[in-house]
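Multiple structures follow.
Two complexes follow with chain A in common, the first pairing it with chain B and the second with chain C.
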Partner chain A sequence: MNLDTIIFIVSALVAVSGATMMISLRNPVLSVMSMILSLVAQAVLYIQLGALFVGAVLIIVYSGAIMVLFLFVIMLLNLRGSEDLGRQSSPIKMSTKILFSLMLFVEFVFVIKVGFFKGDIPLGVMSQTTDNFGSVESVAELLFTNYLYPFELTSVLLLSAIVGAVVMSKRDAAETKTDESAVAVKDSDSKEQVVES
Partner chain B sequence: MLEMIIISSIKVIIVVIAVLTGCAYSTYMERKVVGHMQHRIGPSYAGPFGLLQPLADGVKLIFKEEIIPDNIEKTTYLLAPAISFIPAILTFAVIPFGKDTSFFGFDIPMVLSDLNIGILFVFAVTSLGIYGIVLAGWSSTSKYSMMGAIRSSAQMISYEVGYGLSIIGVILIANTLSLRELIELQMGPLWGTITFLPNWYIFSQPLGFILFLTCAIAETNRSPFDMAEAESELVAGYHTEYSSMKFSMFFIGEYANMIAVSSVGATLFFGGWHGPFLESFPMLSVFYFVAKVIMFMFFYIWLRATFPRFRYDQLMNFGWKVLFPLALLNTMVTAYFVIL
Partner chain C sequence: MITVTAYVIVAAVLFIIGALGVLISRNLIVMFMSVELMLNAANLCLIAFSRALNVMDGHAIVFLVLTVAAAEVAVGLGMVINLYRNKETINIDRYNLLKW
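== the complex of A and B ==
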């Protein structure tokens, strides 16, 4: 058992247990934290495969930016885990849960079966890579030649999402403004009444 | 193999001790410098020139009573100081602090780990530091802490973009992400022609440097961007409910972050350990590096003594409407010249 295997086993265990904790913990903030733990462990796995850039970007983008937003939203909504999420389950809900879990399980088994017993993938295929595999240069080259079209499409998708978010928040602001003015009118009315009385 | 492990362990221990001592004496330097800027003399009782003051502070903080409030989220409350402290220390894993040297016949590279994505590592690790602040604020169940945490996460999200973009110019010119190669590229005369100036990237990237410095101050939550712990509005911000050693963990974390950012700035824009007379005295390189870091730290303290705090909305506006477009512009112009 060499150092690589030990690192793999430890980080794989951390990744899986982080993911399990994410869905099983009742406290949403702790869920976010275990997801971050899982992501960091996954980054270690990527780095071990030689994909240094992907590993670093996984931490920068997911752990460093997206999960901060998750945490921010959870904190703003002030979810403290006291709510009994999913305790009041009716038979219909319960049966749906079991059905979906079964489907996922079957899918999982099927994927593993296909992956392991296909026969043409030798073990240790991960180590057979070129010299600059996973480096910034090779990733950039692929991104800007073979995969340029999907890359640009993704950026357009993200842009439209941003614009959509801005539009929605603007509309909300306009609505609350009218609400506020209505309240102000009411306030002035009541004041006048007070003065009259 | 065993030799390598022993040498690395010794280096790690030396670096961690050096960083912690640096943190302790940064507090001394801060109090002394701010004191003199305000026509006071600063700490002067403990030892000559008050040099033992950090030691006295440390002892005081350890022996203070530790108060843990009742209605807190225990797990995250206890984890938060460690989470804010560890990423700050981790940054030093990739920063080269001297010219490679040999000691008792062993070749010793003066960097803990020479990653070829060094800068990305630094940014990945520093982006994790915010969780300590956010969790501290959230788990304290106190309004002031919560406000501090929300402010700091909003601030981090806004400034991380500019922070990342501000160094893209340097990366474009250098065409590498390895900090060791970046320092090697900054040796020699400026642009290969001007002999009396070194080829430091501050000369090629002045705008990039200013953006980096501004965003770095916002990233480390220092004055004038210290909204997260604005003591005149929020008591102490996110660490209001912490006491004793837990409080000092945040304190050390903040200073370690400042030293880390200063080291990154010195490496990217001021040639790292590069300086004159290195051929005859290679150990001077460590001195040059430390001197450059101290220069950055002095600048931090100078700013704190000079500028009033930004208002919260001004801060956000400044980040998105001034720094971000300027960083984009800097990237575009640099890319244009690199392609030429």
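== the complex of A and C ==
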């Protein structure tokens, strides 16, 4: 058993157990933390597969930005894990869900086992087949040549996401108006204070 | 020695955990994170095949998937905040306005 195998087994176990903790913990903050743990383990798997840049991006963007956004929303909504989440669904419903997931898993394993080649893959950063496999340069070259059109479409997607987020987080007109008048009152107050002082 | 199959099975396990999370979770935010986990499982699959075939195309696709996930989170969390403002709960069973 060489080092690569050990790294693979450990990080796969951490990824799976982090994901399991994510769906089973009651406290949303702890659940986000275990998702971050799982993501870091997945980034180790990426780097082991030679995807250096994408692994770094996974840590920076996913666990650094997206998960912090989740945490931010949890803090904003002031969730502490003691919310009323309703009754546990009945055992029949629960076991049906688990049974269907297991069936899907068996199906996946069947397809994987039947499907394709089983050759070993060169693992680790040191054992790369080509010089710059997975480097920033080669990913960027691919993104700006073969995948230029999807890349440009991504910018449209981001723009529409920004517009959507702004429109959705805008409050309705009446509420905004009262807020504005409150702000105006506060402004005049502070002006008066300035004059007084 | 580790084969592609091992990586793809890890990805399958992660995907199933995500699907199970969407099915059994009653917390809106945990449900949303499970969807993210399913996206990540697909990414792991792409990276593994990209390594096995020694082409870089998978990395570019993963990059695009990450962008889609980020956009989805930005819009989705806005929706979660709006939903919470209306109902004052994150219990998914309470959002039954469209249920017949």
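Note that in this section the second predicted complex is superposed on the first by the 128 of 197 C-alpha atoms of A that agree within 3 Å, B and C clash if a C-alpha of one lies under 4 Å from a C-alpha of the other, contacts with A are read in each partner's own complex, and residues count from 1 in each chain.
The rule we apply is simple: contacts are C-beta pairs under 8 Å (C-beta built on N, C-alpha and C of every residue); 3 or more make two chains touch, one makes a residue touch a chain.
This is a predicted model, so every value here is computed, not measured.
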Request  = Would you check which partner chain A:95 touches, where first means chain B only, second means chain C only, and both and neither mean what they say?
outcome  = neither
Task = Classify the contacts of A:76 with the two partner chains as first (chain B alone), second (chain C alone), both, or neither.
result = both
Request  = Please indicate which partner A:33 is in contact with in the superposed arrangement: first for chain B, second for chain C, both, or neither.
outcome  = first
Key: Partner contacting more residues of chain A (chain B vs chain C)   = C
Query = Which partner does A:62 reach: the first (chain B), the second (chain C), both, or neither?
reply = second
Task = Determine, under the contact definition given at the top, whether A:53 touches first (chain B), second (chain C), both, or neither.
result = both
Inquiry  = After the superposition on A, what does A:136 contact: first (chain B), second (chain C), both or neither?
reply    = first
Ask   = Regarding the shared-chain residue A:22, is it in contact with chain B (first), chain C (second), both, or neither?
value = second
Task = In the overlay, answer first, second, both or neither for which of chain B and chain C A:12 touches.
result = second
Request  = Check chain A for residues that touch chain B in one structure and chain C in the other, and list them.
outcome  = 53, 57, 65, 69, 76
Task = Enumerate the contact residues on chain C facing chain A in the complex.
result = 1-10, 12-21, 23-27, 29-30, 32-34, 36-37, 40, 43-44, 47-48, 50-52, 54, 56-57, 59-64, 66-75, 77-82, 84, 89-91, 93-94
Query = What residues of chain A sit close enough to touch chain B in their complex?
reply = 27, 29-30, 33, 36, 40, 43, 52-53, 56-57, 59-60, 63-65, 68-69, 71-72, 75-76, 80, 135-136
Request  = Can you check the complex and tell me which residues of chain A touch chain C?
outcome  = 4-5, 8, 12, 15-16, 19-20, 22-23, 28, 31-32, 35, 38-39, 42, 45-46, 49-51, 53-54, 57-58, 61-62, 65-66, 69-70, 73-74, 76-77, 79, 83-86, 89, 94, 97-98, 100-102, 104-105, 108-109, 112-113, 116-123, 129-130, 133-134, 138-139, 142-143, 146-147, 150-151, 154, 157-158, 160-162, 164-165, 168-169
Query = Can you name the residues of chain B that touch chain A in the complex?
reply = 73, 75-76, 79, 115-117, 120-121, 123-125, 127-128, 130-131, 134-135, 137-139, 146, 149-150, 153-154, 156-157, 160, 164, 177
